[in-house]
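In the part that follows, the structures are each spelled out as structure tokens.
Paired with subunit B in one complex and with subunit C in the other, subunit A is shared by the two complexes that follow.
And then the complex of A and B:
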């Protein structure tokens, strides 16, 4: 717990200093995208890592957030600091509605239905041309006076810090512990009075809220939103980040988001080869690093700790 | 009224196609409980291989179909023994990830090799319309429906009447008891996966002769197949057929009378409703908690 908190604080300080060390616009853009994915991976991790249900519909919230911000900005001309929080709230409302339906299901059914919701929203975005402008998408979203990449960087850093703070508070709250108890053993948790649905619902809505914030930011930053935000490819990227870093840890998704963003960018030259490699990486992670990089680190620490423990009594005997 | 019959016929044909493409998933998802996101890619590989063996190796359609089936059965067997087996018994999640990884790999490796352009598989005979009263269907569609029906029947007989089929049913009821009774469950799992993979590839090649084979078609096929399997009830062939027909007719009617744009939404809405009100599927007799 303290290790996790300290790591997060160090990372925050490092992230705050970064734009003063880096002036290259391209590198700043990469940093902005990495932080954007940090928010998304953190929000998905709440559901996948702590509730233990595998949601494939997280893009539903990213997309509703992005479209909300885009519509508010293009039609009402509202600035970023209004549209992004509203985007978060709208996504949270969607999260509540979708969660109320899907969290009654478990396992493969949950997976398929969350995916079905995201697909329905994608099709709606594609076909409800009067509002969403269909496949053409909404372009020319205002940037609210933010011109410099550095300013955008601080906005997304604030959002990432908020997302991690909220996650941290959730994970170490009673609701978070209840969710973990349900994840580990549903029946034991129920027998001691934990309401599985309630715990899962809190995580789900919180995750939706963060994904909505990220979506709202994305709309302003890219200044274009199309139905692609609901696409499965987006979803796959976020999942890979969470798993590569280590689900069920707060630091893991950050590590995963940074690594995958950089990999995606530097392998951009070779589009299909990049994704082919991605597929192989995903399979390798599932087979060889089932708990992600952070899980690997934690296991090494445990092994290290236990060898010390095993050695001490042996030494005492020889003395 | 004429149009109604035509829509119904279209719906039945499309529904039969859906049922056919979902058969493999009925085995792999319905019986083995592997949430196989690579299903659509097996289907796609069937189409692409079908194009390869007919256009490049110059085999005739049915010979090519047999070759594709054999290749994909081998691939399915290997995938199960080398990948799926290692995460068996760990819940659904590792299987989901593994198959997502596999599907990303297969799509993009295929794109690297053959490119994104659609490939036409030469049909068994020349295409032409068939008039049945007021309804028009094309010959190749009828052939696909017929071969599909034969595949469904064959798979059904295999599972109900053969030794392997009996071993499969025993294994999926209780793997421990099955292995105590001397069934080599590893082989049974691999055989089931191979069979599912083969059925997916067969439907991919058949339908590539009606439409065309394309490297990126897999995602859509996976989704529709999940819809069909859940609609019909897990692991039931009859259910898959009924689910496919239901989806096909619902889409044809919606497309004909309401709006064409949102046709694909219907399947997802049906699935959401089914899981809420009848999670065991419309046709599955066994009550099962979702």
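And then the complex of A and C:
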């Protein structure tokens, strides 16, 4: 708990200083994308890592958020400061509606139905031309006076910090423990008074909200939104990030997001091979590091006999 | 017994019947648990004990019959809603959260004490911090009381069988039950461990829980701990009474050992 919080704070300070050290626009773009993925991976991790259900439909919330911001901006001319929070709220509402159906299912059924919802939304985006402009997408989304990559960087850093703050509070709260109880053992959870559906719903809606924020930001940053935002390729990238970094930890998805963003960029030259390589990486992780890089680090610490800072009562009193 | 019957029972099951297709697992089973009582529920394998447990705690909805807890009909309520009323159970197969530590397990058990609004989750105030501290202190106290103090920070999957049994009870106690129901809590314990476990159970009643229902195969444990024993056989109540009465009951002896040679 304390260890995780300190790591996050150090990462935040590092991220705040980064744009003062790096002025190259290309590198700043990479940093913006990495932070964008940090928000997405963190939001998916709430569902995969803490509720323990594998959602393949997370792009539904990313896309809903992106289209919400795009429509509000192109039609009503609203600035980013308004569209992004609204995008989060609309995505959260979608999360509630989709969760109300899917969270009654578990295991493979949940996986398939969440995937179906994302696909349905992609088809809607593709075909409801009056609103979404179909495959042409919505272009020319206003940038609200943000011209410099560095300014966008601070916006997405603020969103990432918000996402991690909310996650941190949730995970270490009574509600987060209830979600973990459902993940670990549905029967025990019920016998101590946890409503499994309600506990999962909280994490699911929170994840949808964050993904919606990220989507809203994406719309303004790229200044174009098309049906691709619902595509499975996005989903696959986010999953790899969560699995590689370590699901069920807060630091894991950050590490995963940064590594995968850089890999995607620097493996661009080997276009076709890139996906094959990702496939191999995922297989290797599932086989050798089932808890991801952070799980591996935690285990190494245990083996070295260093006292892991667990939530002991004595420690908490000093907080 | 008569004195007890004047009081309102804490739990009352009336004519419970559970059918799975053509199989009747439990038939017309009625019994009561009084405040302050330790009741043992015994019976040969397949007698319907666990089915009864599941009906009482909402995991099964009985085909017929009603369950009343604290005077309220809970027959069709969901398990978590019943737990919130103060009826908490353990499970037959060891059921703890294996990847969490002993402390985290018991802390999680305090869920009902620490429920909070969404706003409080994200902007915790003094009230939440106080509840959190109280839950942590209480978790530590329960763990010490169950004799798991040394294992406080051990992951549950590293515990021995006996320690797991104690942890299960500790998690259930953390939910502050009025009536605690334990399904074969001593399974896998040797007779020495079981005796110690029985001692622990006796100290719970009155201090941590009002009443206790124990399903158990270990006769020594049931007979020494229970105030009253209910015997199930083939899904029906065979006998009921004080431990020594039940032990002397010829029907019970027959159910367990078969008919004596004439």
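Keep this in mind: the second predicted complex is superposed on the first by the 305 of 319 C-alpha atoms of A that agree within 3 Å, B and C clash if a C-alpha of one lies under 4 Å from a C-alpha of the other, contacts with A are read in each partner's own complex, and residues count from 1 in each chain.
By our rule, contacts are C-beta pairs under 8 Å (C-beta built on N, C-alpha and C of every residue); 3 or more make two chains touch, one makes a residue touch a chain.
What you are looking at is a predicted structure, and each value in this text was computed from that prediction instead of being measured.
Chemist: Put subunit B and subunit C onto subunit A via the superposition and say whether they clash or fit.
Modeler: fit
Chemist: Name the contact category of A:166: first (subunit B only), second (subunit C only), both, or neither.
Modeler: second
Chemist: Return first, second, both or neither, reflecting whether A:106 touches subunit B, subunit C, both chains, or no partner chain.
Modeler: A:106: touches subunit B, not subunit C.
Chemist: Touch test for A:290: subunit B only (first), subunit C only (second), both, or neither?
Modeler: Touch partner of A:290: subunit B, not subunit C.
Chemist: Using the superposition on chain A described above, determine whether A:272 touches subunit B (first), subunit C (second), both, or neither.
Modeler: first
Chemist: Could you figure out whether subunit B or subunit C reaches more residues of subunit A?
Modeler: When the residues of subunit A touched by each partner are counted, B comes out ahead.
Chemist: Which holds for A:193: it touches subunit B only (first), subunit C only (second), both, or neither?
Modeler: Once the two structures are laid over each other on A, A:193 reaches subunit C alone.
Chemist: When the two complexes are placed on top of each other via chain A, what is the minimal CA separation of subunit B and subunit C in Å?
Modeler: Here the least C-alpha separation of subunit B and subunit C stands at 12 Å.
Chemist: So subunit A touches subunit B in one structure and subunit C in the other; where do those two contact lists coincide?
Modeler: Correct list for subunit A: none, the interfaces share no residue.
Chemist: State the interface residues of subunit C toward subunit A in the complex, per the touch definition above.
Modeler: It comes out as residues 57, 59, 78-81, 83-84, 88-91, 95-101, 103-104, 107-112, 114-116, 118, 121-124, 128, 131-133, 135-137, 139-140, 152-153, 171-172, 174-175.
Chemist: Okay, in this complex, where on subunit A does subunit B touch?
Modeler: Residues 54, 101, 104-109, 111-113, 115-117, 119-120, 123-124, 126-127, 232, 236, 239, 243, 272-276, 278-283, 285-287, 290.
Chemist: Note which residues of subunit A are touching subunit C in the complex, please.
Modeler: 165-166, 169-170, 173-178, 180-181, 184-185, 187-196, 202, 310-313, 316-317
Chemist: Can you check the complex and tell me which residues of subunit B touch subunit A?
Modeler: 29, 33, 35, 83, 86-87, 91-94, 96-98, 100-109, 111-112, 219, 223, 226-227, 230, 261-262, 264-265, 268-269, 271-272, 275-276, 279, 290
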